[in-house]
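First the structure, in the form of structure tokens, and then the observations on it.
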Amino acid sequence: MSGAALPVLALVIWAASWALNVFMTGRERAWPWVRYAVPALFGVTLLALWEIGVAALEISPVLLPPPSVIAARIAGSLPILWVDFLQTFKGVMAGYAIGCGAAFLTALAVDRSSFLQRGLLPVGNLVAALPVIGVAPIMVMWFGFDWQSKAAVVVVMCFFPMLVNTVEGLRAADHMQRDLMRTYAATYGQTLVKLRLPAAAPFIFNGLKICTTLSLIGAIVAEFFGTPIVGMGFRISTEVGRMNVDMVWAEIAVAALAGSVFYGMVALMERAVTFWHPSQRG
Amino acid sequence: ADKVTLQLKWVTQAQFGGYYVAKDKGFYEEEGLDVEIKPGGPDVAPVQVLAGGGADVMVDWMPSALAAREKGVPVVNIAQPFKSSGLNLVCRKETGITTPEDFKGKTLGTWFYGNEYPLLSWMSKLGFSTEGGDDGVVIQKIGFNVDPLLQKQADCITAMTYNEYWQILDAGLSPDDLVIFSYEKEGISTLEDGLYVLEENLEDPAFQDKMARFVRASMKGWKWAEANTDEAAEIVLENDMTGAQTEKHQKRMMGEVAKLTAGSNGELDPADYERTVETLLSAGSDPVITKEPEGAWTHAITDKAL
Amino acid sequence: MSVVSASALSLTFETDDGPVHALSNVSLEVEKGDFVSFIGPSGCGKTTFLRVIADLERATGGAITVNGVSPEAARRARAYGYVFQAAGLYPWRTIGGNIRLPLEIIGIPKAEQAERVARVLELVELEGFEKRFPWQLSGGMQQRASIARALAFDADLLLMDEPFGALDEIVRDHLNEQLLALWARTEKTICFVTHSIPEAVYLSTKIVVMSPRPGRIIDVIDSPLPKQRPLDIRESPEFLEVAHRVREGLRAGHSYED
Amino acid sequence: MSVVSASALSLTFETDDGPVHALSNVSLEVEKGDFVSFIGPSGCGKTTFLRVIADLERATGGAITVNGVSPEAARRARAYGYVFQAAGLYPWRTIGGNIRLPLEIIGIPKAEQAERVARVLELVELEGFEKRFPWQLSGGMQQRASIARALAFDADLLLMDEPFGALDEIVRDHLNEQLLALWARTEKTICFVTHSIPEAVYLSTKIVVMSPRPGRIIDVIDSPLPKQRPLDIRESPEFLEVAHRVREGLRAGHSYED
Amino acid sequence: MSRALPVATVIAAIIVIWYLGAVWMNAQWERDQAERAGVEITLAEIIPKTMAQERPVLPAPHQVAVELWDTVAAKPVTSKRSLVWHGWITLSATLLGFAFGTALGVILAIGIVASRTMDISVMPWVIASQMVPILAIAPMMIVVLNAADVGGLVAKAMISMYLSFFPVVVGMVKGLRSPDALQLDLMRTYSANGAQTFLKLRLPASLPYLFTSMKVGVAASLVGAIVAEMTLSQDGGLGSRLLNGSYYGQTMMIWAALIASAVLAGGLIPLIGAAQRLAMRGRPT
């Protein structure tokens, strides 16, 4: 294909798919499946452009393999992808639960005591903003090669976003809503459960959503610094070294898929819990 | 002057002393070259940089270069400044390991990223599964340092004579506390830091000429470094922008590296190449390369250069 | 013993724009079983005074006790129910859930909660809306829900800030009657802010007329009306006389210069 | 040409709890220069009807035009100013900033903005509060600020949803007079929701009485009162008669069974 | 300052715990060493030794403090052995990347809120993009960028951008959607156009969400810069210190770089807090 025709073809594909997407979005009420078709078409378009671009620009497969090759590799490596996924997600889930939980409790402590609020928050921000990349080798040294050290890294990564969001959320209840609780002489716990937490929920979910992505990144990155020879991060770094870049992208695709599902589940929970918030009422 | 970009395999250190010396002492300039040295780092695959056009020539180990070649990136060895291997497997004595037979059931740590091939080949030669179990060994991927050995997370780890070995000693273990297996002595060594370029580039005589001058100047740098290890180490230190290297360590490293480059004038010894290929091919179920490579090296450049 | 006893109370808000004197030298006694209405121009400090009683705002001068103790102690003893000027329903709870809120907090058993919710919903004529969310209700319905919430709480002192402001005359009359009946039956003490002179006169045993900033009390009128008050008492001469006096007081205080 | 012309309009909200029939078969003509009051029990659909006129809600049946075009076209032509039932001031803007908001949007020059803001602030008696933030104001003051915001906009059609609900009688009388004067002077058309029968009668040329869910119009009363209306017209027999008719209509519609 | 005492208390508590941790975690090594040497060692002998190891599992605070003093105060800031020098390199990449990331995040969020098509088609892929482990593609990205002649600073900033735009998108989308129905209806009555509704309603309403996200974003941006510096170690920066410290087993260097990066984040976050207070002055707290 000639050099000039290519950008034109890419542009045409792009424009056509976007136009179709706009058209479908307009019919969203009539066709509920549009909700899924539109992002799918968008993704397919990206993949098509990728496929064409790689072929046309003659990009070396060790730099960027085309999606077709990656797909073939995924199909051919399902067992490996599956065990890698299991290994990594042990660290992700444990770290996510502990990290978000600890940040949540810290936020409550910070909220409860103004002394802690003034003392712990600035210091907590510092400690929790430590870069993964520096923390990961230390965690591997402390917690060993298996998933526990990955979980520890995830804990450190999730802590800060969750803390910031929860603390901000605990401030979200407005004056009148708080005054009402005062008139009932509600205890701290009651005010928390019945007012502050519901009002904070949109913020808390914000933190939970950001943490889904961070925990995945954290666990995968931590595997670069020491791991039994299984896991998505291990595979990625090893296979780059072996020039099996298609395998790298296969793992990345699995990571993206698994992470998106994880995120989607948190988003569904958010929808159920914060249905009353204007951002959810549409 | 002709521009040449050299991609290193790892960060700036005395392992690459010859190149820094050549640049610093003006050897490249004398050859009419303007050389840029790009350090590597974790997860920088020199082959990728080469394939992406980010460098003209790279320093890499032969196993990973041959693996890349089989994967469709035709890299060619044009010179081999390192004659012998500095790779060892270092075990703590208290693990009871005295011979390779004792590895059974033990945990061995290695770097990956193309550096794992020699160990994997060795294990398959010994007939050990790397999946663990009673008849196998447990392989673990270790980070950049020797902590897993010190913290007893691994029974043995790979270590270079010029770097990790000294770190283990610096940390407070004495040679008496260690058992060391040298790949060189076990007869399973594979070629380390060589210079590689893309095959297609070699078709261009101007490029060949440029590389010949590059190799000539580089080897001049290496021989100067061998003769003046302390000064060479200082040149490396000056070129380290991270300010993290220590004089003591780099001088020692330069001394050890000098031993590895000693036997080479830059020309690849085909016998070493054969041994490397044989070692790699003999690896059992998951060999690094599956067939005898062809055209993976050339003397064209060294012939011109020397 | 007075339920509310304020002497020389004053409250100043500090704002970036300078101090705002919301209350100045307010002295008042509210006895047990009183129904006290507060009436005065917009911004004169009625809400502020109620908030001081409720320990939601702290006076900057003078003294106040509620049930003989500090407002804070009274609040902790759950001495009062409060109806805010705006409905202030929690958007994540249904109407029923909002009304149940104070009951959950003081630990009323589930069964009784349901029973009370049903009762107050009927009182404010919102049967059938228990499962709706606040944003699905009209403004007046929200306000009634918030009244129901305070009534469900069932404290001896009721603080009500313009509870019937957004209601039509008929519902308002109806709720006025209901409130009077409740008050007569239960001997509650009620502090009631309103802008309607007839409403104030109809309901109250005592009418407090306030003047604008700095909020002061310019008249306290003890109602001569009997405790039993049919709706048509509003045409009686006593009623009209009191209403007239309130109107005069209001008009006198209505000097907008400050 | 009618300013608002609705015929057989109906609107049903779909909720999880089943459909709510907010408006049913509503037909009405509002002529240019009319002052129409809507009165009816809480939750009967007054707000909903105003929102349909304003193109904030779409009718599910029947037809409606505003200035002869669809509500949407009228809205785009900035045909009306709207005073919401709740003040709805933006908390991050001062009172002055809130009033200036519509002026900025329609692109009034700075100098005129300032002049208009000053004028409407005076009209609602909030001079001196320009720089305060909404939460520093009392409920009634916030409501007046929101009236000022709509007046500053200066459209030919004014839609006002219980604008004076939280105001005392004196201010209310004052604003009633101001509004009448403005209306007489400018020939605006006004649709006005209120719960006060005297207010409706005093202000309107036409009074629309609505019945509760499903909201229907049960009476449309053309006022016999002259255009010039001193406050004491409220004691005139015509006035009282109209008021009586409204009250009867309201009472008749007030069947809570639904 | 009402903060000084609480902060000091918390720091003091951390230091105490840290020392205890250092003794506890480093003791094993001393015991092993004694065993290898064949001598008995008492706890009283172990404790001081645990605080003076060259390769401790956890260095004692004063060891890190000494390293910090050496590399911050005792070196000229232009020296490549000065942590201030490296901190500045990291900071510049962080800020550049953060600026890119915030801009990209805000633009995407605006598009997503403005266009339903954008919302449902782009948002899932934005999320998926964050599941790509950045360290895996950072070197590749840098290789590609380098081939396209993009210099070190910008290449690093791209990685920072990649990590920091996401929190901004998520928070900003939520914030832009936070105005309630009444507030939006008001704009409709003015027939305000999209830009006006955005500027006068959605944007001010989104500020608390935006700034909260920016605090997370700037921390992410710092992480991105540090990750990139491990690949571009020749340029220096805290990432290169972390890498080299780890590679050469210089534990103190790692900890000093970690503390330096925490201090950087700790300085940037209050700056954003200050910007937030400035942008939101007058609002109730």
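Lettered A, B, C, D and E in written order, each chain numbered from 1.
Keep this in mind: a residue touches a chain if its C-beta (ideal position, glycine included) is under 8 Å from a C-beta of that chain, and two chains touch if they have at least 3 such contacts.
Remember, it's a predicted structure, so these values are computed and weren't measured experimentally.
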Topological distance between chain D and chain E, in contact steps: 1
Leading chain pair when contacts are tallied as C-beta pairs: A-E
Intercentroid distance (Cα basis), chain E paired with chain A, Å: 17
Chain centre separation (chain C, chain E; CA means) in Å: 52
Gap in Å, rounded to a whole number, between the CA centres of chain C and chain B: 85
Per-residue overlap in chain D, given as positions that touch at least 2 other chains: 86, 135
Touching two or more other chains - residue numbers and ranges from chain E: 57, 135-136, 139-140, 143-144, 181, 230, 246, 282, 284
Interface hub residues of chain B, defined as touching at least two other chains: 42-43, 45, 48, 52, 143-145, 147, 151
Residues of chain E that touch chain D when the two form their complex: 182-183, 185-192, 196, 200-201, 204-205, 207, 280, 282-284
Residue numbers on chain C that touch chain D, as the complex places them: 13, 15, 17, 20, 39-43, 47, 85-86, 125, 131-132, 136-141, 144, 161-162, 165-172, 195-197, 247, 250-251, 254, 256
In the complex with chain A, residue positions of chain B that touch it: 42-43, 45, 47-48, 51-52, 64, 67-68, 71-73, 109, 112-116, 130, 138-145, 147-148, 151, 153
Residue numbers on chain A that touch chain E, as the complex places them: 18, 21-22, 25, 28, 34-35, 38-39, 41-43, 46, 63, 115-120, 122-123, 125-127, 129-135, 137-138, 141-142, 160-161, 164-165, 168, 175, 202-203, 206, 209-210, 213-214, 216-217, 220-221, 224, 232-233, 236-237, 240, 248, 252, 255-260, 263, 277-279, 281
Complex contacts: residues of chain A adjacent to chain B: 60-63, 137, 140-141, 144-145, 223-229, 234, 237-238, 240-245
